[in-house]
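Note that the chains are named A, B, C and D in the order they appear, and that numbering of residues resets to 1 at the start of each chain.
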């Protein structure tokens, strides 16, 4: 059956390769726009202006008195270490709170996730309006007679307070991301598990400790990892609230690139951020893959 | 459990816990809303009220701050941001929609690996590509162009668009498509006349999401442009030396579209974010 | 209208083989039911006929035309989906008119045909509604109306009644069958519900594990199952099976079962002669066994006594679980009767209704 | 994502349609606008790139007032493009090297124009003849003759001065009079400033001295153009010297009485108006607002002098036309317009940049500007003047600033050992000049 064979051939080429045709443009775009800059970044990081191999950028990064690499690394890690636990705790609390039904729950839900759409720059500015010397916080406390001169949150000499301001702004802005992950995870736990525990007389704490937490573990893990990933990209909030007073990795990349024109050093920062993220991402993917396979297997 | 509790009036503890619960929810909501409201009020406050330590909440309002900010260059920057965001939406949908559809509708070799790759790329810190991209862009004449920023933003948005659209297409029952096949449509017609109309609300929400993503992005925009600043890049580089109330006007302009879009797409927000960050 | 011929269909999904060689002829205007448990390949077969899947091997003919690799749109088939697949963004009338409009039927003809189909399914009043304003049964009618409006060569139905509640299902069963008679369209109907299959099908193709086990009229399937699978799958409660050895005793052939023995009738003896000394599987339907007091007077049967293990009173029928040695026999008695659990009961079974299958292949011997 | 009936209703098809329509319209408008701004440059539209008058308020004045007026008079449409210094250098360099010049007029500081002229990027403006009706001071014209050509036309000058809230005069330290400060006598020294700030702190309990040391502030100019020349006689070459050590020791002492919010301030007008500081140093343009709002409250005074003299920066901005500019004639017309006395007075009024033509200087109206102008004049004419110019290091100017700021942060704010910091950073500073080949700026070179 000749015509049938021919039909079959044309059919299979289109139908078999159609998904690849559909995916190819997006994938090649991504690979080019990530692969090319990464390669270019590595070249930039290790060559001088004439294209010769050099370690000058690395030396600058590590040893130049102008370089704030160690401070940036330290601050980035410290910000992550302080912010993430607070966010996870608040998000967990809010998720538990908002997973019960009450009048106005939907409204509360929307309000809690509003910060998802607020950019880091805007978030920083919003908190600047709260905390600046003429901001709401200081004016409020002064009007209430609790303080007589404003509390300074900004300025190189108040770096501890700047740090606090960044923490506040980031907790305010980015807790919603953690919240959404944990909340979604909580929604997936069948109510029957919890009700079963209730029927058997479990107290709230026992329910939390022995039913909800263990089942929420995957969500918590992925929330933690994603927040950690984002933490290494923290930029806008810090730039708005502290400028370079509190150097962070992305901020230094920006500064070296646009103010000092040290393209090689900026590229090094980029590579470092990418490398850290890839490592965290790898852990995430491994974990996700296990979960994905479990889900597919179960479904 | 004492016997009196059964069937009788709820104990005092019940009311107390209700009040406590409402209190916590109220605090949580005001923790989010208060800073937004305050910064918006300050954005319209007269400088005199803002500088006066007595006016905790400003009493006199003016559009002068917004106007001044717009005169300073924010008008152009806002326009630029809108252009970049729209281009990003268009590019990432042109590229991402077919891929999302393929992931939703086809079984093919390597699908899982490709999907994991996309999930992985979504986690990649896209801002790092901006730094080396400058060199390429200078060569291509894309440096300091809105197109260049949009291309970089597309890279950032594309994995999200693929994953979101894929899950939207999955939610359109495949039988609706098959019915169309059976009744005489080919794949393209089916996509255009059945799948697309059904996915449209979801896709609109996804487009809004992409728009906001680009609208909010600052690092790449600041690195890749010099004069054609987008709004966040403009604020970061130019508006920071301006008086405070001008900065608040800037933050107001920045969050306004976000708030409007949240309202439009509010039903989708949680599920969408759930998909993109799970 | 055409006849449909399936030749040697094989379909693999990755490593699993869904179809292992399906051959089936559906005659013009015939109502054929594909019956089988879930995962047997019946839906895959239907989808291959529709063109939604392509077989890895084999051919599909509509009349003389090979359609194996034609896309669905070029086949002039219709389909009613399990979930109805009524497009939610179109009004009922547009749903029904859609296939016609695709075919560029003139608009006045479209209106006429939509009206015809709507009347046929009694949904004239629903035409202006959107699907989400309809109940499940109404949506089902819309799906059927949409399927028949184009006067397809072949009408395919994939478990169309499975999402309806029991009462509605019974009602729709007869309606669908009547409708099919009236328009005379060649129909392939997939279901896992044997009652549906028995009541609706002109012929039934029983499928299992990617193969057709038997094709025949409902009567054939019920009375003369071709193999142990068909015997077990059709009929409720399930046919009683037990291993038995064919032995010769006093010149007569006896089926030696677990705790009882059955003398064979003459016509049976002639077939089973070759199996002397071998183990076979004997089967008897629950409705072909009777408590001794209720047995038809002329019944030539074998008596077996056991302990009543359990009784299901269904009102119209009574199901008795009788323990005979290690084995539980299920007996269905029409009417309502009282039996005491634990008491002894002697049942007679209709020797003429005995089925015997080969132990190795499961094929029917008698 | 489940598309339930409710959620589908939530965004009705109509809403989705409207949004799509809006997006399409916006895209169309945007693309049109983009096309218009990038492609459709008519023959009479010229680009004026400037590193000056870039802050938003000044830009809106340039675009809304100056250029609108210019267009009315000449019909020439000008697009003003504000840039940072490094952006300007990069842009001019790349455009000149590629031979595709889009910029018709450059407004930049002396140092950068010097560098552009040395690379041969600038037209000789003498060929356009003279500008009638205005006289440029000889000093400025001499600065503008670079590498054998008339590289630019002096456009504006500016400097950094001190502003005193008159309330502060009540707390003058012994031995210092109001007169000394206003005239800038030899008693008005950095030590006197320290004593004054200390006195203010002790009497009022507040740190009332302030500097714009915020992330976008110009405090770095105070370090290299004021303190260094005043204490070491040079901006750069004595960076790591015993005199420099003394200078940093002084600054550490002074900083005890400096308002710690200084590190947040980018411009001093706000803190002065809010009364957070009574003594401030900043660029004239960045304090103008305060004096304008309350001209009777503030007085502009020369900066104090140090052991080596009264170091201060004179900023000269010039207008230049790049070689191969698309429309040099229109650019020259714009230069003509911008240097007219009336325009220059307008610029002074709005921005605080001082005129370069003598005819304009004479017609400054009384009031806030007079206060400023008097202060600036007093500084220029004060004894022991040590004029410093900002060096032109092109893309390395960021590094230059970063070195002084780093030194300040480490020594003053973090209390690191002065000598250690200076000997670490000194070589970095010298390397910048060696790498770029830029000459040491005055007063080092003088």
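We take it that a residue touches a chain if its C-beta (ideal position, glycine included) is under 8 Å from a C-beta of that chain, and two chains touch if they have at least 3 such contacts.
Just so it is clear, the model here is predicted, and its values are computed rather than measured.
Hopping across touching chains, the smallest step count from chain B to chain D is 1.
Ranking A-D and A-B by contacting C-beta pairs places A-B first.
Of all the chains, the one whose CA centre sits at the greatest distance from that of chain C is D. Comparing chain C-alpha centroids with the centroid of the full set of protein C-alpha atoms picks out B as the closest. Work out the mean CA point of chain A and of chain C, and you get 56 Å between them.
Taking the mean of the C-alpha atoms as each chain's centre, chain A and chain D sit 38 Å apart. Taking each chain's centre as the average of its CA atoms, chain A and chain B sit 14 Å apart. Each chain gets one centre point, the mean of its Cα atoms, and the points for chain C and chain D are 90 Å apart.
In chain D, the residues that touch at least two other chains are 8, 13, 214-216, 274. Taken residue by residue, chain B touches two or more other chains at 51, 197-198, 240, 244, 266, 271, whereas all remaining positions touch fewer.
Counting partner chains per residue, chain A shows two or more touched chains at residues 134, 243. If you check the complex, the residues on chain A that touch chain B are 16, 18-23, 25-27, 29-30, 33-34, 36-38, 40-41, 44, 94, 97-98, 102, 104, 108-122, 125-130, 132, 134-136, 138-140, 142-143, 172, 177, 180-181, 183-184, 222, 226, 229, 232-233, 235-236, 239-240, 243, 250, 253-254, 257-258, 263, 266-267, 269-271, 273-274, 277-278, 280-281, 284-285, 288-289, 292. Within the complex, the chain D residues that touch chain B are 1-3, 6-8, 10-13, 15-16, 19-20, 23, 26-27, 30-31, 33-34, 38, 54-57, 59-60, 64, 81-84, 87, 91, 94, 214-217, 266-267, 270, 273-274. Considering their complex, residues 13, 50-52, 71-73, 77-79, 81-83, 85, 87-89, 98-99, 102-103, 146, 150, 156 of chain C touch chain B. Contact residues of chain D toward chain A in the complex are 86, 213-216, 260-264, 274, 276, 395-396, 398-399, 402-403, 406, 409-410, 413, 421, 424-425, 428.
If you check the complex, the residues on chain B that touch chain D are 51, 68-69, 71-74, 79, 82-83, 86-87, 89-90, 138, 145-146, 167-168, 171-172, 197-202, 204-205, 207-208, 211, 226-227, 238-244, 246, 264-268, 271-272, 275.
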